[in-house]
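Structures follow.
Here chain A shows up in two complexes: once beside chain B, once beside chain C.
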Partner chain A sequence: MNVIGAILDHGSRLLPFALLLAAWQGVAGSGLADPAFLPSVGAIGHALIDLGATQSFYADLAVTFGRSLGGLALGAVIGIPIGTVMAVSRQAEGFFGPLVKATYSLPKTALVPLLILWLGIGTATNVVAVMLATLLPFVVYTYHGIQGVPRILVWSARAMGVAEHRMLWKVLLPGAQHAMLTGLRIALGFSFVIAIAAEMIAAQTGVGKLMFIYGESGSYNYMFAAVAAIMLLAYVADRITVAVSNRLLRWDDIENRLG
Partner chain B sequence: MLVAIFLPGFSPQLMSTSKIEVRNVSKQFDQAGSPVEALADLNLTVNEGEFVSIVGPSGCGKSTLLYMLAGFIPATAGRMLVDGRPVTGPGVDRGIVFQEYALFPWLTVYDNIAFGLREARLPQREVRATAERYIRLIGLTGFESRFPRELSGGMKQRVALARTFAYEPGILLLDEPFGALDAQTREIMQDELLRLWRSTHRTVIMVTHDVSEAVYLSNRVCVMSQRPGRIVQEFMIELDHGLNREEMVLSQAYTAIRNAVWLALRRQVTLASPRAQ
Partner chain C sequence: MAMRVIWGMAHWLGQAVRAAYPLLLLALLWEVAASMGWVRPVFLPPLTAVIGQLVALMKSGELIGPLAVSLYRTVVGLALAISVGVVVGFLMARIQAVRWLLDPLIAFSLPSPKVAFLPVFILWFGIDHLSKIALVAFTCVFPFIIAAYAGATTVPTHQLWAARAMGTSSRGLLLRVIFPASLPSLMSGVRVGVPYALVSTFTAEMIAGGGGLGGELVLAQRYFETPSVFVYLLVMLAAGYVIDMGVLRLRARVLRWHEE
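After this line comes the complex of A and B, so read on.
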């Protein structure tokens, strides 16, 4: 029963993708759209296999992945401390709060042309763009996570002899784990989006640049194949993040687990 | 006494024999810009090894008093002395147990109970021995590596009690510790608390709204007034604590004192809200 159940469960998860591909193929095959602009699923599949056979494609994937993770790591290293001091110090909240609010809705890709001026075309601009985009999720989720730690837990720790300067490690950060891992997952999604977008205008390498070149030259089947490859990579990275998060959060209520 | 007066920082209060002294303590909160008087001119003395319960109408400030003794919030006026020294903040000489358990959800049963012991920088072997002893004492052997979310309310409260007893604070402050439990679990936990208290002889102040619980457990029950709260009546409970629960609860002495405390509390509840009469 369990095996059948598992198959059905997986099947039902794959069903939306199958329907999407079927709809795509239906539109592409119906002649409603010019096949040059909307290649068939088969053509994209062939292009993907083609790309998979070339060494340089893996190099591009690795470059894009590296820029995403590099920017993400920088965003965490800078964003988590800012969110932390904002949560524990009123002065820091007064200082960073308005900055966070003012820049929250700013599309970070809009800064890429400026970054090109400062940092030139290449990895530096891409990594900084990703860092800027992932900074705020880390700041905001760390801040709210720490603020959300029940006062009664801090009191308990104080009563048991935890000094104020150790409260962060003993209570506040462990209590904020859930929110911080949610922030990480959101930031991870951003990191791929921004890395690809920035590569399109500010890089000579990477999957974003590759998509741009294929798009410019009208090789849409290859462009979509590159999109599919990066989607798969982002999906795997997300699933790994969720699996690791849920392992770390095994103490938390089941309904709070990341999906 | 004379010597004491001339030594700097050596105040006559050090000579007092009581464990806890609350003298003319008042507390005002600022609620939406207007001051609310939670406690007014409250006095309370608790001796070493005594089990004192405080009952009072909801919102009378009894939990506030406990939090002030714990050092979480300061008094607006008056003095609070523990072992003759003024309370200036939290300290490991005063342990607290909350109604909501306040266990660290990311720590296992074992790590929650060991928390205070590790904070006290005890050697690893001692931490282990003490934590294991308390886990046995509360009957949770086999549950050491469970997280709080995997426990029932009664089990969580056992862990919360054990966590606080384990690092041996001289004073235990219990804030409606069994308020969230069902009636049967409550009785079991009350007897468990009695057992723990008798085997360690700490000083206990318990806040509760359950008169039967207060009378069953305490040496003395204090009745508080409506807000601003102060202690308006005290009952010495001189019952034979050698009796088991059934004998005790069915005895005339218990019933008489329970009724007297109930009536005193009811007077306080109905004073300010005539509709409850």
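After this line comes the complex of A and C, so read on.
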């Protein structure tokens, strides 16, 4: 009974996608739009299968996702300690606070041309751009997460004999876990945008570059297929992040789970 | 009296310096490192040279023009995203079938890097304003749909009943009850959407050219005019900051009646 319900539920979630594809096919097949501008669903699906069988496509995907996840990891390694220090020390807050505020509204992709001047075109520029863009969500969410830990938990822990130097590991960071994982989810989204945008601005490899090559050579069905592949991968990465986060947060209240 | 004013100003100045000292320190370090020749000026020109270039570009009109172009694209894209987003969000909140149709599509599109659609928009709309506006609108429409939906679904049911009982029409219900009740949520959406819109505009300009601050930034980098690169970066930063301040003030005005 439950299984049938689950299938029906999934089916009704998937049906809108089928309707969207049908509408797309309807417009593409009606001859209203130039097939170059709007390839049919079949042509895009064909291109997607073709790409799926191409070794170099996986290489390009690996390059792009490697850059975005590498930059994300660096952003976490640098951002989480900064956010932590800001939350526990007034001096650190006074020092980093204005810097965070001043750089918050800077569009991070705009740093790519500057990084190209410094590091040249390639992976280094891309990874550093992603690192700089993901740094702030980690800093801000870690900071607010630790700040939001109820004082009563700290007092209770102290009363139960937790040493001050272990408070961070025992109480503050676990208490901030939900906020930090939210920051991770946001940073993950940023990392894909920045990695792909940086490749579109200047790169030799990666899917961002690949899409423009397809666009310039007129292989539009492959261009659409690459867009679809990126959307799919970004969605899967987001769902994995949510699933892992909720597994880590299974001790926490239900309303603190990610959506 | 005059003493008190001077003291007040000195106090204010002290506060300002204390609040901004890391930035001043950074600026000082930048200036010293560059003018002592620790780094080559092509990589990091002195801050004073950047400020000089800022004044020069301002005088020659190479700053105001591109800024206006970028802001035009941002504002039009945002306006499109708000109007479409609010309508779609309200429809989703009111009509079950619309929610069933769009909810899975939005959930799927939300985490995707929207910039991946830029080649598609260039194909459809060319490399001038329209493809950039399309990217801005497409990037920002999702936060607005969600804000409008969230706002509309938080209207207490008894308020809807009360309005109905007092003879409010469907249209009146939407315009005079649901819309005002959604304003706090919508204003939060604006605050989230504006930086996205600016980033999308600059990014699209950097990728596809066609003028604007992003286009000028990439050109300056290609000709190794590093001071100009920094000028354009600082102007983008300032634009984002000033607009965010404006949104906050607008929010405070629009939501005077709303308790936070």
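Methods note: the second predicted complex is superposed on the first by the 255 of 259 C-alpha atoms of A that agree within 3 Å, B and C clash if a C-alpha of one lies under 4 Å from a C-alpha of the other, contacts with A are read in each partner's own complex, and residues count from 1 in each chain.
The rule is short, and it goes like this: contacts are C-beta pairs under 8 Å (C-beta built on N, C-alpha and C of every residue); 3 or more make two chains touch, one makes a residue touch a chain.
All of these numbers come straight from a predicted model, not from anything done at the bench.
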Which superposed partner A:132 touches (first chain B, second chain C, both, neither): neither
Chain B versus chain C as contact partner of A:250, first or second or both or neither: first
Per-residue touch tally on chain A - higher for chain B or for chain C: C
Touched partner set for A:61, first chain B, second chain C, both or neither: neither
Touched partner set for A:153, first chain B, second chain C, both or neither: first
Chain B versus chain C as contact partner of A:140, first or second or both or neither: neither
Contacts of A:28 with chain B and chain C, given as first, second, both or neither: neither
Footprint of chain C on chain A - complex, ascending: 12-14, 16-17, 19-20, 37, 94-96, 98-99, 102-103, 105-114, 116-118, 188-189, 192-193, 196-197, 200-201, 208, 211-212, 214-215, 220, 223-224, 226-227, 230-231, 234-235, 237-238
Of all residues in chain C, those that touch chain A in their complex: 18-23, 26, 42-43, 100-105, 108-109, 111-120, 122-124, 195, 198-199, 202-203, 206-207, 214, 217-218, 220-221, 224, 226, 229-230, 232-233, 236-237, 240-241, 244
Of chain B, residues touching chain A in the complex: 67, 70-72, 89-92, 94-96, 98, 100, 102, 104-108, 115-116, 119-120, 147-149, 163, 167
Contact footprint of chain B on chain A as seen in their complex: 150, 152-153, 155-162, 171, 174-175, 177, 250-253
